[in-house]
Each structure stands twice: as structure tokens, then as C-alpha cells.
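Chains: A, B, C and D, in written order; residue numbering restarts at 1 for each.
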Amino acid sequence: MTVKFGIGNKRLRESTLIWFLLFPSLAVFLLYRILPLAWNGVLSLQFWSMYKPPRFAGLYHYKELFLYDDVFRQSLWNTLLFMVGSPIGIALGLMIALLVNRPIFGRNIYRTIIFMSFPVMTVATGVIWLWLFSEKTGLINYFLMYIGLIDHSQPFLEDFNLALPSIVLVSIWQVVGLYMIIILTGLQNIPPSIYQAAKIDGANSWQQFWLITFPLLRPSIFLCLIIGIINSFNAFDLVYVMTGGGPGHATELLITYIYKTAFTLARFDYAAAITVINFSLFLALTWLVNRMSGGNAGAVETN
Amino acid sequence: MPFRASAAFTVIAALISTLLALSGCSNESEPVQNKIVVLTFNMPHYKDGFSRWVAEFHKLHPDIEVEQIDRKGSNWGAFYHTQVISGTAPDIIDTQGGAWLQYASQGGLLDLTPFLEKDAEFTANFYPELLQSWIYEGQNYGIPLYFTKTLLFYNKLMFQEAGITSPPNSFDQLMEYAYKMTKGEKSGFMTLNFDWLYWPLFAMNGIDLVTPDLRHAAFNTPKAIALIERLAKATKDGAISNISWTGRWVEPNSMFAAGQIGMLQAHSTALLWMLSNTSWINENTIGFAQMPGNWSTPNAHALHISADSKYPQAAWDFIKIATSGEGAYSLGISLNNLTGDRFVNEKILDYFSQTKPIVVPLLRTQQEHLNTLVGNWPLANDAEIKEALYPELQSALLNHKSAADALSRAEKKVNHILSRDDRTAQSQSSVSGGQ
Amino acid sequence: MLHSALYTLFCNRFAITFGVFLIITAGWNTIVSFNDDGIIKGRVVAADGKPVGGATVTLLNKELLVTVLGSRAMTNEQGQFTFTHHNSHHIWLQAAKDGMGETPRVEFRMYFKGQNLNIETPLSFAENDTKGQ
Amino acid sequence: MRRHSLWATHLLLSTTCLVMLVPFYWLLKTSLTGENLFSYPPALLPDNPHIFYYVDAWYSIPFVRYLLNSVVVSAIVIVANIIFNAMAGYALTMDFKGKRVVILLLLSCMMVPYQATVVPAYLLTKELGLLNSHLGMALPLMSTIVCIFMFKASFAAVPRSLIDSARIDGVPEWQIIFRIMLPLSQSAIATNVVLAFTWSWNSFLWPLIILRDDNMQTLPLGLANFLSVVEDTSGALYAFCIMVLIPGLVIFLLAQKQFIQGLTTGATKG
């Protein structure tokens, strides 16, 4: 890509341009990501009540977090469980994408309908599903009883074991259309000639999928995973609307716990410590995903 | 090929300025002089009354503007806390339940004792018990705005059907009646659960939250385990509606209003809600009684002044307008609630005996037995303790955990919070000592 | 040239959708402005169907969560009553007269605030009116 | 065999579509009948439908005002996103000192959940004087890291020969971006628009914190407030939900050709 520039001045101009182009985005991230994170990092080492100047606390909050706080442990675990929903959603998206990629009648209509849940406002999604899951008059209970899967209605969102899976289901419903579209993009970018060559070599369709389609879809799937992680931040809205973290703390995610600690209980210092842990977790996870999808996979290559 | 950075810059600058123009002129910075800000708690229906308070206030302070900000319960805290940390705490805040304790203990609220002492005439109007419930470490931080406490609503039609003639006198009787009225979709008993409203059930069984010195949890007793096991079993049997432990406000009330619940423990405001939503409720169909043992949890509101308010005297004058005389009267009749002012309450009761007789006996229950209020411990970390305890109780009441397990976990958590409270309190006092 | 430019400008699905939307809004507002004088007319009858004069009819405004007392009107000898300047879209009406008790509350919902309403079915004093449900 | 698999495909897809559509139908049905909490079994067809719940919802909130606020914020966010992300993405296709650092920085920024940034972000926004404004609501969302990388990948896929020949012809650099690169990056732009739209349209916690005036509220706030007032007992809530859904769905359905085609037949083939 390097274009050789004879004159140093030109190089200077080029680098000015580059930094100029980067400036707006970097400014946004500096203001709204990096500085806040640093602020949280510092605050997590202090005692700070709203009305008084902060005081050094050392690792006090972290000690409390790991030694005493079982709500923290539960919300950490819930967050991980919630993220497991993301690969499930992607697998579904992949299956649907394979189906709507076939040359069949009405595939554009199928695509439109399946994508339709994505533009729905998350808060509204929460309200709709709150109603569908309702114990007394919810459609889901009615349907499950009708087909004989359950014999009395379940309080899905008030049940300690069902509440979290229910919310995971909703978040999959909301985002599966986007996964489908992203994977579809990947599918259409695979040159058909590769399949023809494979057919000549006698590969059956199962082998074609695992040997050609799946490896070539890696970048798309990686993108889906990243979007899935970011989307799990949006799970805040769903939990806020549907359960408020309950029953008990069965649907408490790290993010809702941070919100509660900071805004309901006004313990901003403690919330800062949870934030730092949360950030480290997500960072580790991205790194892991990046490694699994082949190091410098897909759109996000570091070179 | 030269880079035409300047041209690119022009284009982008143009786009950005378009964006800025698009965003409108709504970001005017407000002048901060001569204004008091009043943060109210879920009073969307009282806009007119509030402006009457302001008109009254302007007779005393024509040069000071009043800005009202109203927030719903769920957003109130988030809004107030961000205002505080950005140094713009509202001058007057309206709190519900025990949230004020945290603010008072951390030095965020103004001690109103000197004002109360100076204004003896104003102070004498209030129920002493009510004024006392806003005292933390000997100093008074709040003036009662309006006042409700829990009571037992009962469905007379369901009582008749089950052959019950009078409301229960003991916890055992309460459970017995609840079972008697339970049938199919109908449940015998339901309670609200937020802000300690369920605590009378514990109090009438002789269970305390904390030791008298407020330093240790006191609720992990065999009696408490037995009580929770009993409640959990009744919930499983449907005698207590499970909405009791998961519901909020509208859902439980509408179930009672739909005639599906025999007895509902709620505060007086629930009746107003039900009257507005069904037409079958009248003196013949619904009754009010104290819970057995006359235990009740207040769900009171008070006004407070922020410690760093620039106009404490003006704020105090505003509070006086809102909590006594005409101001309190108009609030009371519009919200169907009693106020902290004894004499205003008589007028409110007069008004209702003419316009809405059904609420008079209800409001009378609110004036009685102010000495058996529970759920208002002067604990600085009331909110945190509530958050730690209730989810554990909930999991036991909904039969997810054993009562013993839930209580011992809750005890551990509450003890930890109480011990930490000591520690942070010390650290804070050392800070203020250093200043 | 101009013709085709106009065609692409106005005959795409965006223009048509929002155009139809604008037309509907304008039409609706016209209908509303002709019918929002806030007049409610109706009759009160006894259980036997005879008009009741001198009964007080109460109008309650039903808001989302609370019901607010609106205004009152008296019936004439033909049992007719009229409310003017009501400003609500969801009301309850109830008539009462000394010695006759109260009629059941009847609910009326309207399409916009202050809609004119001619109530065909009269409010009727029935036998047992206190027990709903 | 072939025919069987065709029918199986249709069957699977129709079932999926049904599952995706049922919530919409149920919402619509409830908003028209207000079937309340206690009727069982639920009727599958609307019984006695009426639109009075929409009237209730309409008079309970200043809907147009909220809609306008939401639209303005989303518009700012979408425009800013495309410009800023394309700029940054283009910069990243070039070699420069510190590129690795920038990329690592962006990657880790992606993992900062916004709930955690609310308090310091609030203090910063206050310093900027943007509290209670549309721009203040939009600012944190004005650039999206995933999309920067999408633009980068998409720009990198534009054949070098095309750019080089343009340069030799003396086409200025910014015109290369707008005339050659962007038209060839439809896919990235479409994804960016979709993501920026949903994220700003959904934005809930941030406006909740920084807004003070009632007439600055956005639709998600209005809906959440409405929910906290009526809980799930009134048909008006579901009517309001429908009113909130319609703008997003209309925009999407009208522009779906651009969205889905842009997404699936991007210029990344080269």
C-alpha cells in the first residue's frame, strides 16, 4: 500500500491528514470510553460518598467484591450464561441464512420478515415479551399447555430457573435477523467456482459445508460474535423492563448490578470496582474470540 | 497528487455545523441565580396545586424562581444522585421511605431542627410521632409532606361467601381466613412488598430486623424460619397470591380490584387506585382494618433541604407552604391522603365526608396506632439492607430456597453491611474532622 | 426531463407513504375541528322507561389511572340533560335522584377530546344498582 | 428428493417467520382489545376490537414531541457515524506511526459497557454544556468501532489499481473517498446505518440521566415511564408500543431494499 513520497513535506501532510481523519472518532472514544474507564479505575480504589471528597481505600472494594458479595458472583455467572445465548443465536442465524440463500420462491419476503424484529425498540421488545410470558394470560403458556408440553402455567419471569433463559430467548429473537443478514453477506461473497471444484472432487454437501462454507464464513461469524457481545450490553434495557434483575437476583447481569449499585444505592465507588472487573472480562473474551476465529480473523485484523 | 486536506476539511466542517444546527437551540445554559429547584417524587397529577404553592411562595420571595422537576419512583434516585455528584443538588427534595437516611448520614441534608425550634407554632401542628420518624442521630431532617401507612383491605363479598364475619385478630386467624377464601383462581391473602411494606407480618410474629443498638441482624431466629416456611407453604397452596412477592403496585391492586383477593395488605393510596378502576367497590363490598396487633409500615413522604442549598431560608418557607395550611390541604384532597398536619387533616376529613364518604373510615385508620409503626429504622444504609434482605426472603417465599438457608445468608449480608457502615462512617468523620 | 424529475421525486414509495400520511392527518384534523365543541346530550329514565326530571347527572373524567370529578347537570321534565365544554375522551356518566338512588355508571369512550356525543340509550334507574360484578 | 427438500425449506422458513411474527400480532391484538390480566384462555382472534386505547395513549404522552426528539437524535447519530467511521476507516487503510496502538485502543474501547461510563460521561457532558440537548444525547454514539473496522475492510478491498489510476489522473484525495471508495462500500454503509439507527433509537439509560425537561424526552423513555405508571394492565400500554414500533418499522420496510441489498450485495467481492 505504501506510495513512496519523495519529499518529506508530503509525508508530513499525509500524516496530518491521517490524524485529522482519525480525530473525530478518537475524540468520541476518548471522552466517552477511555476517560470514563480511567475515572472508574481511580474511583474503584477510593471511598467516595456523594457529598464528600474521596479518600484512598486501596483494594477494599475488590476484597469485598470477591470475598463477600455473592450477588456479584451470581451476576458474573448470569452474564456468562447470557453470552452463551450469542453463539446459539448465531447458529440459528447461520441455519436461516443457509436456507434463505437457496434460490427459492419468496426468499426476499422471508428475509424481510426475519429481519423485522431487529429495528424494534428494545424497551418495546421487553414490553411485548413481558406480556407473552405472562403467567395468567400469556400466549406462551397457553400454547405450551395446548400442545401438552406443560400441564399448568409457568410463571416464566418469576421463576428462578426460567427467568434468565426466557430473557436470553428474547434477546435471540431480537438479534437473529441481523446475524442472518451478516452471514448471508458472507455466503454471497463465496465464489461459486469453489463449490464447483469441490463437486468435481466428489465432496458431498455436508463436507462442502465444513470444508468450504464454514471456514470462509469465519469473518462474518466473528463480526456476529462481536456484535453479540456489544448487544449483551443492550440486555440492560430488557432486564430493566422485564424483571428488574429478579426474582431474587436470578436475572441480575453485571451491567444491571452496576446500575443498581451506582444509581439505586449511590455506591459509585463500589460500582466502579465492578465496572473494572466487567471491562477485564469483556476484554479477555474478545481476545479469546479473536484467537478462536483464527488470530487476525475477519474485518478486525491488527496489521 | 497533492492532498487537498483543506477542501476535505471544508466539507466536513460544513457537515458538522449542519449537525450542530440540526440539534437545535435546546442547549441553552440556564442562569443559576435566584432559583430554587424542587425535585418531587411521582406527582404528575399535581401540577396545578404545585403552581399554587409557587404563587404563595412568590408573595414572600418575589425575586426567587421555583423550578419543579418530577421523577417517577424508578428514575428518581438515578436523577438525584447524578445531580448531587455534579454539584447541582436540588434545593428541596421529596423522598419516600428510608432513602433520606443515607443522604442525611452522609451530610447531604440540612438539619432542620433550628428551623423547627424557631417556628414553634408551625411545629406544633404536626403529629409528634411523625416528626420523630425523620430524626437521625438527634437531628431532624425532614418535614412530613403526606402520610400513608399499611392496613388490611378486605373483600366483604368473599368474606360472606366463606362465612367470615370480622377481620382477623391474629396472624393465625389471618392465615386461617386466607385458606378459607382460597378457591380456584381466588387467593385469600396478598401483600405489597416494596419499601418494607411486608414487615408487619414479621413484626406481628415478634421478629426484629436488627438488635436495639442497630449493630447486628436479629431476624435469623427459629420463629422467623417457621414464619417463612408457613408463608411459603401458603404461597405454594395459593392461599397467598404469589404476586405478593413479585408484584409491584398496579398488578396487585388490579387483582384485588378484580375481586380475586380476599385480603390485601397495602397502604391507603391503594383504595384511590381501585375506586378509579372499578365501579363495584363501595361501603358494602370492601372493608378496612388494622393488621392484627395494629402493626403497620408507613409509606410516608417528606421534604428535605439540601445541605448546600444557596437559599435555605427560602426553601424552608416553601416547605412551610407545602406542608401546612392551605397548601397541605389542597395536596391532601387531590391525592386522597392525610398530611402531617393534624388540623389540616380534620379539614380534609370534613371535605371527604361530604364528597367521598367511603374514604373517611379509611383515612381514620391512618391516624390511629402511630406508636406501632415498623419498617422505619434509623439505619444509614436502609436501602442497601433492603436490597440485601428482600431477594433472599423472596427466594424462600417462592420456595426456591429453604427458609433457614435464605435467612442465614441474609443475616451474613446484613451483618456485613452494618459492620461496613461503621467503617465508612468512621472514615467519613475523619475526613470532615480534617477539613 | 422536468416531468421525469418530478416523477422520481414524488412517485417513489417514500413520498407516497408520507404523502398519504399527511393527507390522512389533515383529513382527521378537519373532522375533529368540526366535532369538538364538547357537547354531550342524553336522557335519564326510570326502570319503567318514563323520563326522570330533576335528576343530577355526574360526569366523571377517566384519566389513565385516576378518575376525576368533571361537572354536573340537571335533567329537565323530558329527562334530557346537556353538558357543554367537556374536555375529555373517556368518561363515566351516572344519574342520581333523591328517593330513586343512583343509576349504574355508564362508560363512554371517544375518539378525541371534547367530541360531541348524542347518547341514544338513556341512563336508567334499574332495580339493584349497587352491586356490579 | 429435490422437491422434498424444497418443501422442507419452505416449511422451516414459514415456521421461523411465524415465530418472528407472532409477537407483533399479539401486540397488535392486545392493543385493539385490551384483553386484561385476567381473561383466560386468551382469544386468538381479536374480540370486539376498537382503537380507544390509542386515544388513551395519545392523550397521555406528547407523542409527536417524543418522536421528533428521537428522530433528531437518530439522524445526528447516523450522519455522524457514517462520516466519522468512514474517515477513521480510511485512515486505518494507510500505514502510519502508531497504527497498532490506535487499533488496540479501539479494540479495547469496544469492550467498555456504556452503563459504566454514565457518571463520568455525565460530568464531561456537563463541562461541554450539552446536558439536556439533542447533541448531548447523540455525542457518545457518534462513532462505532465495529463499523470503523467494517469500513476499513471494505476500503481495503477496493482495488489498488483503481485508486492509483485516479491519483495519476489528479483526482483529489477527498474525491477519491467520496467518488470511488464510498460508492463501493455500500455494504459497510448499510450495516452502519442499521446499527447506528438501532443503537440510537434504543438509547435509554443515557437520555434518562442527562435529560431534565419533559419536552426533551425520547420514545424509549416515554415508553418506560408509561410502563412504570400503568404496568402491564392497560391496553394503552400496548397501543403506545405499536405507536413506538411504527416509525422504525416503516422506515425499515420502505428502505429494506437498500438495507438488505446493501448488506448482502456489497462491493467486497473484489
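Going forward, contacts are C-beta pairs under 8 Å (C-beta built on N, C-alpha and C of every residue); 3 or more make two chains touch, one makes a residue touch a chain.
Bear in mind the structure is a predicted one, so any value in this text is a computation, not a measurement.
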Select, from B-D and A-D, the pair of chains that is joined by more C-beta pairs in contact. A-D
Subunit B to subunit D, mean C-alpha position gap in Å, rounds to 37
With centres defined as the mean C-alpha position, give me the subunit A-subunit D separation in Å. 15
Cα-centroid distance, subunit C relative to subunit D, in whole angstrom: 40
Distance between subunit A and subunit C based on Cα centroids, please, to the nearest Å. 49
Would you mind listing the residues of subunit B that make contact with two or more other chains? 2-3, 5, 8, 78, 82, 85, 250
Using the touch definition from the top, which residues of subunit D touch two or more other chains? 36-38, 80, 83, 87, 118-119, 167, 173, 229-230, 232
Which residue numbers or ranges of subunit A touch two or more of the other chains? 14, 17, 262, 268
Can you give me every chain pair that touches, using the contact definition above? A-B, A-D, B-C, B-D, C-D
Which positions of subunit A touch subunit B when the two form their complex? 10, 13-14, 16-17, 20, 47, 49-53, 55, 64, 68, 70-71, 155, 158, 160, 246-249, 260, 262-268
If you look only at subunit D, which of its residues touch subunit C in the complex? 50-52, 55-56, 59-60, 229-230, 234, 236, 250, 254
Spell out the part of subunit B that touches subunit C in their complex, as residue ranges. 45, 250, 259, 272-273, 275-280, 282, 284-285, 355
Could you pull out which subunit A residues touch subunit D in their complex? 1-3, 14-15, 17-19, 21-22, 24-26, 28-29, 31-37, 39-40, 96, 99-100, 102, 104, 108, 110-124, 127-132, 134, 136-139, 142, 173, 177-178, 181-182, 184-185, 188-189, 219, 223, 226-227, 229-230, 233-234, 236-237, 240-241, 254-255, 258-259, 262, 268, 271, 275, 278-279, 282-283, 285-286, 298-300, 302
Write out the stretch or stretches of subunit D touching subunit B in their complex. 36-38, 72, 75-76, 79-80, 83, 87, 118-119, 122-123, 126, 129-136, 138, 167-168, 170-174, 177, 208-209, 212-213, 216, 225, 228-233
